[in-house]
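You will see two complexes here that share chain A, one where it goes with chain B and one where it goes with chain C.
Let's turn to the complex of A and B:
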């Protein structure tokens, strides 16, 4: 026996010894009692399960968590680009053309204030007419304001939902509700649900990419792209459009690609041993994440480089390489979707038009925010269309709530700039591509844009519709956690068939 | 009152004689055999109970029939049949206790009568076509046919009647008139029901039809009854407008000058808004066998993403997005699954004309993405053999109009993307003529850079807060809430409570 063999044998013996230490008398008693019980219970539960055939949720394959999986039914959309304007854009300046102008400057009638709570409005505020000019556009004649001169040229490709409502009037919970189906922390985001259900087609790239702009992350923090109780491999991967797309993506000095590969292989081997012992799927997730990170070191810088896009395309989006902007992110979103990324989530911060300063005034700051996104989002739709990708890519645009038809009077005082407070009751969103009927509006508000008169739509309805377009029945797409199946749409949600082709 | 109440028990009671008398017949037949002779005694008991319950059913049924909600012809058949069942059951019981030989004939007659009565009763409650309807349900329950041009549609026959037919006819038709009301024709709608008129021309708010529909679902008078399919908001809005627009039975939509409120609803009935993408059948209708697992695995090993399009389908989609160093031999891997392959993505791969020859053998392909590949006109000619092709991506390929024209015989073609291809701008018109049914997207869209895109606002923006739209109009709209229903004159809501009425003149207060 050589020295090395002897050494290995000693190591193995030590490992066995350690393993035995885990196994106490208590373990034996517990496991034998539980074991038989569990066997019986397992077969009992197995026989009365209601997961029949096609409706069963996809089985989680810990070794290949992101492997592409088939949907319940043939999907209209294969990818999603979700443009979230964090801070809540004013529907009254953009899409929802209300006859609010005639009330401008008058005191708000008590009927609108009774029993209502606002984030900042106190006492009796004044009504504030729309600051934009509205016109009908396209063959469909949808109303869009001159805040969005580019977007108004593509209304025939989008469906504007004017009757979205929420029950949260603060940013963080409202954003959580829009993206995770719960105003409280801990639920998986929609991108996580989608990658959990469908995996992703390009194994060299993450399935769920998050890009932020506007100088801040959304108020709800990174939990709006978190994986909640789903395995952590499904959380969104945040990339940057400025500097390295992912922090620390390059190998440090002195480590070359082969050495990196060797060390990852070694780490994975250890993890593999660990998994054999404890059977914890999170370990497999970790292994696959190491592997994905290694592949991403090559593929991500490649796809995240907008320099290789021709000048006229960058011009179309208004993208400028090297800057962290919404336009750059939108262009990246198109590139990612083209490469088979399943869900691209964009957040653009700075839409909270309270009127506390010029940058949040509905007639100054909001105009500038619109200018930052208008050209880029229009270019996105048109570029996807000419590449034949709009048919299979669902684009969603919206905020977390709307804004009041009353002018904000923080602390009951008149404010130096025109602003609007948070308004949960009614706001607008739009969707395009991925089987959405273009040139349509859905739902209506009263003539001052205050409450919904028809087609009430909540976050669950939006989520149900997104899942439906991807081939999921939102009522049957569940994940077992803490002893019960969870759904993205909880107990709500109806697919908005009226806006679908 | 009490009698009607008792009558309501008929639907419950009728099941007793049906079940009991049938089991009596079954036991009787069995008792003829030596082995089951013991059942003889059960026959008497069953016949006695069945006879009693049949009589009870007859009594309650008679009470129910005098309420008059049903078609008299059908009720009278059912009534006499019911009496006959009871009578025959009584005869059968006495014959059986006296061990008469005739009992077998009577039993046979009784069973036959039972079936007939049961069926006629079922027809009364569920409608005469109930049985056959369920058989052909898949065919009949197709969506309401979209209207090609809603402006040209006749409001009653194309819009209103289908709603009534779907949601109201089952209880208010020739055979069954709950509340004495028929809704299956102009004269009947005008005539109304037992409690008077259901529609008031030009006044939907006062029309019983609309009122009842808008009652809370729990309300006793709510229509349709809460266990039946309910009217959607849109359908209510359409009925509402139909009544307000004069209750016309023959006028076209455009002649009735639709209100702003109803326009979007009407538009949604149309097959598709202009410029909207067309709905296309996603998959071939024929079922297909499962793809060979070995062939699928070979593709997967090569890095091709290949999987069924859905959990209940064997049709496959394949995406070559992560394949490296594509070779001609890789295309051959598709051939074993050619019967299943419907969606194929080869975007950004060095696909050449020779490889297309292989692809052309996969005849079920409906979507083929060849964007940014090396194919030319010559290769494109092979695709003529794809009879089911619907979507073809040729973005960034060197194909020309001439090459595309070779495909003009593919009748199913719906979308062709030729952005950045070598197709000459001058030939767009020729292509359009050659593919009348397909959308050919030539791309090259431009989003012009406006001064606003690169500048920032620092001072408040001027705007005309006045509007081009009619400023002072009274809309009537309604909200349906679980608790209560209200019709509000909306403007009045805002201007009561000491709220000043706005100046209807042209010079509105401006916000700037």
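Let's turn to the complex of A and C:
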């Protein structure tokens, strides 16, 4: 049996088992759900609109804000997994292989410094060659460094964009720009836009899930998954590795599942009495929300539990149950999209390689960070592929900006570790699946990775492309606020057709 | 002693200084003068001013601060010896009265400073004003002293108040070309949109003038907006649904004449008294209708925009919390003061680069009204966000109520709600009521202001019996619900807590009927 056949065999076995579980669960839920709730659920799902061919967003229905809706045109991708490396990973140690090595240790030429502003670099810094070794990989011959040995094996499935640029060089505003289309607070995040446009497929799970690792939330806080001016129902729901997996999902101490079921039954019985008197359909809706809450209490811990995953899958990701690691989160992301969650956003903190200490040195700390994500992100692509989900799942990887080809000299002084400052002008991201071409690169930088020479791509272009793959014209997907329609992409954005199938 | 002092404003903040020589804006905001250092403040109106109040700090004996008019070596205006301070200090000196508007050049000299880099004195603001009034009156000196003690004191928490800058402190405002603040276009002056009514004659071009314009009876927009918003608070939706936009892009009002009538009344009859307006609305037969409606009525008008029935509105995030605190007997009536940190799950605040943490408030501060909740925009209070609270990142003109399973999870499982259910159950036992059915009846009556129906009581009694069974069989569970050493730790009370937890989730409780 070849490796591939073995894989298929295992997957088939896993699928059969899941199907059995699913049948039992469906049976159980059907039995436990009360007639009334089922009725309300029917009307809820019945309201599933069809906007196909329409050019304007669906009208907001406050009674059923999360009912599934169709996009403007047939979508290439059904779900999105966005892996954000908060702190901004160095493109110069990972993907962009410029001839920077030749200049290592030389003073930075004044032409690169004139009129430029840096977060920490002062005076004339030295150039810093790539600390990693680069090789070409796959049939496509894409350049990837030895910091990412696993990722190197899947380059034929990804598009590396080497020409991303931003106009923000501090973390919080740059992250906001990347995810909300504005460097200032108050705009909805891309996941909120998508949930507003498409609703939720699996009513037992939130439609927009956020997972964080690395010990901190991103610098911009919860605003990067906030709903801005959209109704707050569209904000990202943070699933946590410690405490309740979703806030308030666990029953209080001393109140077990059966008793919780009994409470909800009693609440709904009283609410039914109320409905008999008032005839208000909102009461039916509340009854169904309580039933869904109960189902969510089963579904969420279940989907968040990676113990159920077979050993070889956990091994593939490098996931260890009980940890708040990136690897666990990536595996969870796959489980979530498998269950119909639309948008999964991961933030991994700790990529701010300034060289102020060993943990932020591009030749020490960055190597460790890469080790923490390399295997898992590679496994994600392989696993989605073997499940036939890669075609319909768009995976995006990147940070909020890049890092300078110069070595950081904080306060004009030489530093003990090798670090790089924030660099807004050029950085790299990659995308895979969901209708994105494999084995390609897009855009070029100059020979030292400092400026973009072709294929300039900004946050709006990335956002426009994500929306396009989900079936939305980013120029027509709007929300009325303060007297005018707003777009995720403001007045910018062009779909990056060159990297699309 | 004194709750409100407005003084020292508008001050000239040190950030406006320029022309630094051996001086700088320390920490980007304090004017820091070193030996022989100098700096400038442009265009200060000195007319009729005979006092200079300033906030400064210096650790160096022997510093002399001099102010020159219009150029670094211009005529000496005044010289002020700077006494050593412990931290920041507010000082006042008498200055000569000078006609006109001048650029002020500051110089600082101190022979005790050995090197040019050593710091001399820091300043945070300057305020040119007139002498404390009442000179020569009895008690003048002590009153004046008390005033300055207050001004210099750090014991009082100060709340900044917006004050209009006088004409000499107004900055020039420019159009930002294509929104870019780096590219300044034509200068603009305060004004009102040309398509609307002009400013009333004699109104100054400032905030007062704007207020006069807003409330000018020729401009019904403000009145219409307020009437519409209050109507929305009472009925769940405005006469015009789009509270944020009563213009051509908004949804037209369902009852335009009513909106016009009420806004005219508000201006002309009620003299802007909102209380009178609310009274008028809530005494109307439209508002006093029952929310009960036949299926036919609901089918004809599902969202009740034609008002054939009374309103049914889900309470706001803040109202929900306050109401549950109130009925459970926990609500603290304390008013004013700092924000508080009621219970929230651990790990909501995880901010890089600072050690801030959510420390749950002590005692009754845990149970203050929701509006006292500490608010951090990047990590807002989750239970309120789930009930459509606004994150306060942007001005939200209208909250849109939604209905989601996550809301049910808050009121079912949030520890705050458990604490409330627990206390509510304890309260119900008071007065020697031991019968569970009686307790439920009493609780329902307190919550809904009406007796409970047979069927509802049956459902809740059923829940009580089932819970009691569980807790009798497993006392550990009762302990988990109540807590270890509590006098209330028994299966009966634990079962009642479960029932009260359920009751705080009833639709008729969450919704205003």
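Note that the second predicted complex is superposed on the first by the 400 of 501 C-alpha atoms of A that agree within 3 Å, B and C clash if a C-alpha of one lies under 4 Å from a C-alpha of the other, contacts with A are read in each partner's own complex, and residues count from 1 in each chain.
Rule of thumb we're sticking to: contacts are C-beta pairs under 8 Å (C-beta built on N, C-alpha and C of every residue); 3 or more make two chains touch, one makes a residue touch a chain.
Treat the numbers as computed from the prediction; the structure is a model and nothing was measured.
K.L.:
Just chain B (first), just chain C (second), both, or neither: which does A:229 touch?
P.N.:
Only chain C; A:229 stays clear of chain B.
K.L.:
Which partner does A:290 reach: the first (chain B), the second (chain C), both, or neither?
P.N.:
Second partner only, chain C.
K.L.:
Between chain B (first) and chain C (second), which does A:103 come into contact with in this model arrangement: first, second, both, or neither?
P.N.:
first
K.L.:
With both complexes overlaid on chain A, does A:374 touch chain B (first), chain C (second), both or neither?
P.N.:
In the superposition, A:374 contacts chain B only.
K.L.:
Can A:242 be said to touch chain B (first), chain C (second), both, or neither?
P.N.:
It touches chain C, and chain B stays clear.
K.L.:
Please indicate which partner A:133 is in contact with in the superposed arrangement: first for chain B, second for chain C, both, or neither.
P.N.:
After superposing on A, A:133 lies in contact with chain B but is clear of chain C.
K.L.:
Tell me the contact category for A:441 with respect to chain B and chain C: first, second, both or neither.
P.N.:
First partner only, chain B.
K.L.:
Report, in rising order, the residues of chain A that make contact with chain B in one complex and with chain C in the other.
P.N.:
203
K.L.:
Which chain A residues qualify as touching chain B in the complex?
P.N.:
For chain A paired with chain B, touching residues are 53-54, 68-76, 97, 99, 101-107, 109-112, 128-135, 138-140, 149-150, 156-157, 201-204, 315-318, 338-340, 358, 361, 363-365, 367-368, 371, 374-375, 378-379, 382-383, 385-388, 391, 417-418, 435, 437-441, 444, 446-448, 453-455, 471, 498, 501.
K.L.:
Provide the residue numbers of chain A that touch chain C in the complex, in ascending order.
P.N.:
60, 62-63, 65-66, 185-186, 203, 206, 212, 215-217, 219-223, 226-229, 231-233, 235, 237, 240, 242-244, 246-256, 258-260, 262-267, 269-271, 273-274, 277-283, 285-287, 289-290, 292-293, 295-297, 349, 480-483
K.L.:
Spell out the part of chain C that touches chain A in their complex, as residue ranges.
P.N.:
244-245, 247, 249, 291-295, 298, 302, 312, 314, 345-347, 350-353, 376-380, 382-383, 385-386, 388-391, 393-394, 396-397, 400-410, 412-415, 418, 453, 455-456, 459-460, 462-463, 466-467, 470-471, 476-482, 494, 498-499, 501-502, 505-508, 510-511, 513
K.L.:
Once bound in the complex, which stretches of chain B touch chain A?
P.N.:
233-234, 237, 261, 264, 267-268, 272-279, 282-283, 305, 307-313, 319, 321-322, 347, 369, 371, 391, 393, 395, 415, 417, 419, 441-447, 449-450, 452-461, 463-469, 471-473, 475, 477-479, 490-491, 493-500, 502, 508-511
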